[in-house]
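Shared chain: chain A. Partners: chain B in the first complex, chain C in the second.
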Partner chain A sequence: MGNKQTIFTDEQLDAYQDCTFFTRKEILRLHGRYHELAPHLVPMDYTNEPDCKVPLSLIVNMPELKENPFRNRIVESFSEGGDGNLSFNEFVDMFSVLSEMAPRELKAIYAFKIYDFNVDNFLCKEDLEKTLNRLTKEELTPEEVELVCDKTIEEADLDGDNKLSFADFENMISRAPDFLSTFHIRI
Partner chain B sequence: MFCNFFRAQRLEEASKLSSWKQWRQSTQRTLRRLRDEAQEWLSSLKLWRADIHQIEGMFGTGILSYFSFLRFLVMLNLIIFLLMFSFVMLPIIIMFTTNVILFNIWNPFMELYPSSARRGLVIFHEHITDLLSGGGFLEQTYLFYGFYQVNQIHFPNIKYNLALAYLMTTIAYLFLSLIWIVKRSALGFKRNLVQDEDRFQSFCNKIFAGWDFCITNENAASLKRSSLLYELRTDLEEERIKQKIADRTRKEKCRIYLIRFILNIFVIGVLAGCFYSIYVATIFSQEHVEYLMYEYLPSIVITLANFITPLLFSVIINFEDYSPAFEIRFTLMRCVFMRLTSIGVLLFSLWSQITHCKDETCICGYNHELYSCWETRVGQEMYKLTVFDFIIIVAVTIFVEFPRKLIVRHCDCGLAKWWGQQEFSIPQNVLEIVYGQTICWIGTFYCPMLPAICTIKYFFIFYIKKVSLLKNCRPATRPFRASSSNFFFLAVLLIGLALACLPVSVSVAQINCSQACGPFVGYNTSWEVLPTAVSELPTGVRSVIEALSSEAFAVSFFVVTCLAMFYVIALAGAHKKVINQLREQLVLVSLVK
Partner chain C sequence: MSQDSLDSLVTSENDIDIRLDVDDEYEQERQSGRRRKRRRRSGDKKEKKKKHQRRRSSSSARDGREERQTKKRESSKKQREKHFKERTTERNEEEAQTSSVKATKTNKNINNEKTRKTKTAERETEKRNEKKMDKSPKTIERKESEGKNTDKSKERKKHKKVQNSSDEEKTKEESEEDKEEQEELDKEQEEVRSECLSPEELEKLKEAVDERKKLIQSLRVKPWPMKKKLVSLRESQEFVEKYEGALGKGKGRKIYAYKVIMTKKWMKFERDFENFKTTLIPWEMKIKEIESHFGSSVASYFIFLRWMYGINMILFCLTFGLVMVPEALMGRPYGSIPRKTVPRAEEASAMDFAVLWDFGGYAQYSVLFYGFYNNQRAIGWLKFRMPLSYFLVGVGTVAYSYMVVIRTMARNANESGIGDDNSFNFSWKMFTSWDYLIGNTETADNKFASITTSFKEAILEEQESRKDDNIHLTRFLRVLANFLVLCCLAGSGYLIYFVVRRSQKFALDGLENHTWWERNEVNMVMSLLGMFCPMLFDVISTLENYHPRVALQWQLGRIFALFLGNLYTFIIALMDEINLKRKEEMIVKYNITTWENSFNGTVSENSTATPISLHPADVPRGPCWETMVGQEFVRLIISDTMTTYITLLIGDFLRAVLVRFLNHCWCWDLEAGFPSYSEFDVSGNVLGLIFNQGMIWMGAFYAPCLPALNLLRLHISMYLQCWAVMCCNVPQERVFKASGSNNFYMAMLLVILFLSTLPAIYTIVTIPPSFDCGPFSGKNRMFDVIHETLESDFPVWFSKVFSYASNPGLVLPFILLMVLAIYYLQSTSKNYKEANVKLKKKLQMQNEENKKKNKRAALKAQMDLEEARKASSQQKHVSPRRHQDVNEIHCSRQRHYYSKNGRNPAPPVGDRSLRRSAPRTYQHVNPGPPGYLPGLPRQSETRMHRVPSLQRH
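This part shows the complex of A and B:
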């Protein structure tokens, strides 16, 4: 474009453009948002790739995530150690995967991670119960919760082990027509 | 992480590449950037982008699809109007403005067609009456078919056959609408076909793809939660009812079928009653044209019928004991049928009047004494329907929805609580605009400027509905999913298009066109222009066209299409068998492990 910005080098911006689904303008805007979250922590100048992470508690209070029942799990799935503190790269990654342009396969990978509460690479009944309770804020009776979870596993489980592996999940997502339009955050 | 690894790899590669490859990579990147920026600029030009974003954020994807459907219709009507304008109106405008061109009017009866424009001193309110009824001074404008008196125009170099252009443009806009709708619905249709086939994904869908991550508003979030809760409970209820239906005894089944039979007869009776009253109202209004109220009588009757029947249907369906999902769909189908067929009944009653003469057979094929220019009359009826539809939408919003909000908010009595706040009912709103679009498709042949009027009408309806949504409504407790709603809208629109093609083709091919006005003077029916024009073509092209329209070609084309269809169905069946086998294999493999 025309304006000289000193936050990133040109190469950094090109690299971000290549590995995320954002344009230059959007990446600079994202950096502005990231900086807003913790102005004292996040430097304005990223040319020498500082190593700083914004804590979980600040990120989940962003307006885009505040009302999401899975906000903690979302941030944890994109952080390196699972602790929820995101560096700028992880921050951009998160919004890139959740943007409109990310393909279904990529979104399915991260959706699986988000719904896997006990991080055992399977969506077992407890994971489903936790998901359901987060969604409905525990307004369903325990019998209803159990019925729904049983039906869900019955619908999606292909190999009959009473829990959903990633293959089951991906197959089910490929037939869920709403997934692409709902698994999307606009920033 | 994803990004870090990729960046390190790229920087390493960049240092190894030769300068030529680096230059090529950097040009590719620049081009990609330019393309992204161009796309961004183009999408920012899209009409109402900001408004639709706002609605999506507050009300979710179901209502968003209604508004993007409205935008689609605005664009469609604009394109149809541009088509009509450039092929039908523009030549006549050029003809009138440049006097050098010779024109050929083949209309010996022109003097016999009395102008109904008012003469002498005209009182102002009569202009308003004319504007609302499409009569008077409006009859002699580009608005109606009767104005296009020209058969052919001789420009300096070419001969422009206006009659042929009029007919071809009609066919073209119907065809264009069909293709555009099919293209738009192709994706939704595929998904809906997969989804409907086995309802085996309903719970998974709701849990994993149910929450709309775009929601940022606290109210919207709690509403979404309650709608999800409602959906889950409905699904559980559906499971229970399925179990109950499977457990039904023979005696209960007979009783249910008897009840359903009686209620269906009742519904048919109600529909017949409505159609008969529309027929009577049309004949009455054709015979008495003194008051504006009488002219609008058919529109009023249709609107009343369309208001009462959905309420009736939703009460009846409770007694028929279907599963909840089927109940919704069946009621909707009945409402769609009612709305769109009422236009057909109106047209049928108009035509029965037009082709009915005092002594049994009409000489010209239509009643040339009463209806010297019957196409203009039909055009006026369509125009009145459109205007009345718009007036009703505005009036309901202002005089029903706003007071309702005020009453519910400030009054604490039991009645207000029972009535509740307005819900934005997507199916009824969609039916409203599909009804308007069907009128537009039928009416464009008789009233070439109707698409422009409809474009303006939908433009204003967007803002009216948006304001009403934001101020008065809360989102429906019965949620409407985005994917199936897109398919539903376009399916109803296709039904409307099919229903619109019918009257247009009947009037073009069967009913004799009026000999006192319009571009088809001298021909028996409007369709005759085409064979006449074809017979004037050079021999080679003519024989090709005649071969294409012969019975032999039609029959063989039909046979080939049927064969293709059977092949595709057989293929789908084979695929399904393979999928089932693979599923069984998966289970076996995991058991063996």
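This part shows the complex of A and C:
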């Protein structure tokens, strides 16, 4: 704990606290985790904001993510280029959104991005099929998948375009009782 | 402008970013385009400000504050527009070297973000640009990006058009522009400040500063990438720093500055305090680790345990600080009076471990139990009102517990919201069933399996092809199961009653000549019943064939009934014992009075007033039923704790060890087969905790040490169970959601709290306290202490008022009023509920209607589109190129307006002709509104702001 100051300046820590839901200690811990992922890539000293990114393959192997069927999507949707390589900023951002304190609205926005596999800003049937197959490890028959996807669209689609826009998604997720309790990762 | 609009701007911009990124993939020129955009995004705010300021330049004097670069005098707005049009046309022709041309043409080219005012001639800028171009391509791009925004977006539009991009893009551009303009407004206010400060301007500035502050505070909920958040944070902070000191003048200024400083300090303090608070939360990492291994349901038990620990901590502080410590410090010391001394008969064995373990001997005659306390009204130099304090702490413990439980329940209810809605069954399963906390392979596999099953079940239900196999058999089995369970309950109740009776007989004989088992029979039987009956219930419940969730609830209900039955039999038996003790007490009291009378008689004869000083240990005394009750509860808690720990060690740890190490030399696979590893039983553990707490509440009045003991127990079980879970349990196969059952547990806790305070209150109110022990000795009833205090410690008028207030004539109407109020509130809440249901129905109807409407509209739009396409194909090669540009601007705007209306009408003809080369798949596929992401639906607001800003210039 003695070398706290050498990782971030106080201003940086304050800025991170303003921008995320984390406390100072948690940010330092996050940096520790981030550093662990790729010790040769990530410097210990962040005071001059070095520009480095950790590749997707390393991040999805974190214990917090490695069992998650949507791990690649999570990381991708938080990376700036969509390629899944995260800078420390994005890394912190990811866990901030997934933290317990983040409000439902914010979580909904990113959940939508995560489930939007083909990044077309709609959850179309293809996205739903992928989601479902990942959730069930492809143990449902194609007919069942088809049925579930159809039912989902039928339930949530308000404007009748046979895919879910963000408005539809938000409307649906805002009433889900479990969304807040399950859509978070503690780190 | 309002914070809202700012937010919406901000969000919309973010959306745009996303969209742009997406679309870029389809673009040919994507590399340069994207880079340009991004660069602009990062620096856009400042540029915008600059630009805007330049526009207003004629009116405002320069102060040249941050100038670092050469400046350029700005030409009039019309001129600029002219330039602008020319440039666009030119660019059409020479697309290849756009960048350099653009740079030359830009009226307000800014090389550096810090440049605020430009005064030099265009030529100079040109030169500089060229230089920079040499330096690096990146700089060029930046310069480009720093060019006039409108130009740029226009140019980009053009690019896109040529590359067949969709018209959506333009909409986005537009909103981006809007946003920029908005930012300009912001900056404008900032600029105004630097010169003269008229009141309105000051007001505006203040608003702007406040807005920034709000932005800083709400930054963390913004869905932006972190880099952007950091940048805007820094900017806002700089802005606030710079201008908030300037607000206010004269006296007001000083006060304002002071206020600002204080708020800053306060915020800093708050943050530090927050940081400090989170470090104080105990076992956070432990729970986190468990959570990642076993999912949220197991972790919910530990969170519940921690919550319980917190409550017990408060209870402990109350009893320890206000009862035990004052008595120990200021009360009479041990051995001074009979109630504080071990009687002569027990003295020999008072220090034996076996006796102490049973809380007899010295433990019994200590602050740990009710009997030790003296009835002296005020003790020590503080004149501490001990009996009153004792009584009030007893009441306060219960009151505090009620308050906390009810408050937590209300909060949970708020969080869970309306959960009975079943309209999104599949969607919720799809999007919220995965528990993101899971980080353990086995748990994950179980979760996958349970999700699959739940989907299959839902599909079955959906198809309504659920075959009911022999309903009569299931019914019969269920009735049978319930009958068996009832038998179990009755049997266990009888067993406890029998055992308690027997133990009373033993107690009369004297405990010494009985074995350990006979002395601890009651507690052991109760603990064993609590251990084995749930297993029996589990076996029985397999008969019933319920859905696992329903089965779990039945199981919980049964265990609850069992515990409750056991507890109440125990209490009833205890009541019997209390009555016995009271009879004994009567006899002792009678003996003492006769003995004292005879003694007094001899004394008076002697007339030398030296009464034979009897050693307090020899004084005859009553049995003190309160201490007995306290002891029983303490023993119960101890034995319960022991059984819990021992079952943990044997049932979990030993089993795990055996399974692991005997597996090598066994004939079947122990790990997968019969014994296997145990699961963590969340519901059973929670129930155990709840009942334990109930016993604390019940016994705390007679044994002030109970909260302390419980604290110790919880502390140990936290570590022990954490360790046991991590080392010898396997994740549950049936994973249930924790959120829904949270309030279920809370409700049980409330019921237990009520049921456990009931007997305590009954004994306090109806049974007179023992005559020679405890703080209330000598009084008729325990609550007389209140009366006494009122009479002697308060002024006369107060007790008078109190006696009037407690007069039935006043109390009855008051109760009536309360009943009426409750009735009224209940009926209104019923009405609200009905209204809620109605509204829900309405909403659903509307949704369906909307769906239909939208479908119709989509069809129509499609047809329109077909027609339009035909028309456009006829019009091919007609419109000249130059015309397109001008047209295109209008069109894109129009389109924007249309799209806001929720439906896409056929685009204007001119536009279509322009875009003939596009594959047109876009509109075809998506006839809906382009409000696909948050923020975009709010664009209308943005638009509103744009209009005035245009008019002004």
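Throughout what follows, the second predicted complex is superposed on the first by the 183 of 187 C-alpha atoms of A that agree within 3 Å, B and C clash if a C-alpha of one lies under 4 Å from a C-alpha of the other, contacts with A are read in each partner's own complex, and residues count from 1 in each chain.
Assume a contact is a pair of C-beta atoms (placed from the backbone, for glycine too) under 8 Å apart; a residue touches a chain by one contact, two chains touch by 3 or more.
The shown structure was predicted, so the numbers you read here are calculated from the model rather than taken from an experiment.
> In the overlaid three-chain picture, which partner chain does A:82 touch, first (chain B) or second (chain C), both, or neither?
second
> Touch check for A:41: first (chain B), second (chain C), both, or neither?
So A:41 meets neither chain B nor chain C here.
> Mind working out whether A:131 is in touch with chain B, chain C, both or neither, as first, second, both or neither?
In the superposition, A:131 contacts both chain B and chain C.
> For A:28, select first, second, both or neither according to whether it touches chain B, chain C, the two together, or no partner.
neither
> Which of the two partners, first being chain B and second being chain C, lies in contact with A:166: first, second, both, or neither?
After superposing on A, A:166 lies in contact with chain C but is clear of chain B.
> Between chain B (first) and chain C (second), which, if any, makes contact with A:121: first, second, both or neither?
second
> For A:56, select first, second, both or neither according to whether it touches chain B, chain C, the two together, or no partner.
In the superposed model, A:56 contacts neither chain B nor chain C.
> What is the shared patch of chain A, the residues that chain B and chain C both contact?
Comparing the two interfaces on chain A, one with chain B and one with chain C, the shared residues are 14-15, 17-20, 23-24, 63-64, 66-70, 80, 87, 89-90, 92-93, 98, 111, 115, 128, 131-132, 135-137, 139-140, 144, 147-148, 151-152, 155-156, 158-161, 169, 172-173, 175-179, 181-186.
> For the complex, which residues does chain A have touching chain C?
14-15, 17-21, 23-26, 63-70, 80-82, 87, 89-90, 92-93, 96-98, 102-103, 105-106, 109-113, 115, 119-122, 128, 131-132, 135-137, 139-140, 144, 147-148, 151-152, 155-161, 165-167, 169-170, 172-173, 175-187
> In the complex formed with chain A, which residues of chain B make contact?
On the chain B side, the touching residues are 1-4, 6-7, 10-11, 14, 29, 32-33, 36-37, 40, 53, 57, 61, 191-192, 194-195, 200-205, 207-218, 220-221, 225, 228-229, 232-233, 236, 239, 481-484, 583, 586-587, 589-591.
> Sort out for me which residues of chain A touch chain B in the complex.
11-12, 14-20, 23-24, 63-64, 66-70, 78, 80, 87, 89-90, 92-93, 98, 111, 115, 128, 131-132, 135-137, 139-140, 144, 147-148, 151-152, 155-156, 158-161, 169, 172-173, 175-179, 181-186
> Going by the contact rule set out above, which residues of chain C touch chain A in the complex?
18-19, 21-22, 216, 219-223, 225-227, 229-230, 233-234, 271, 274-275, 278-279, 288, 291-292, 296, 415-419, 421, 423-428, 430-441, 443-444, 448, 451-452, 455-456, 458-459, 462, 737-740, 847, 850-855, 858, 926-929, 931-934, 937
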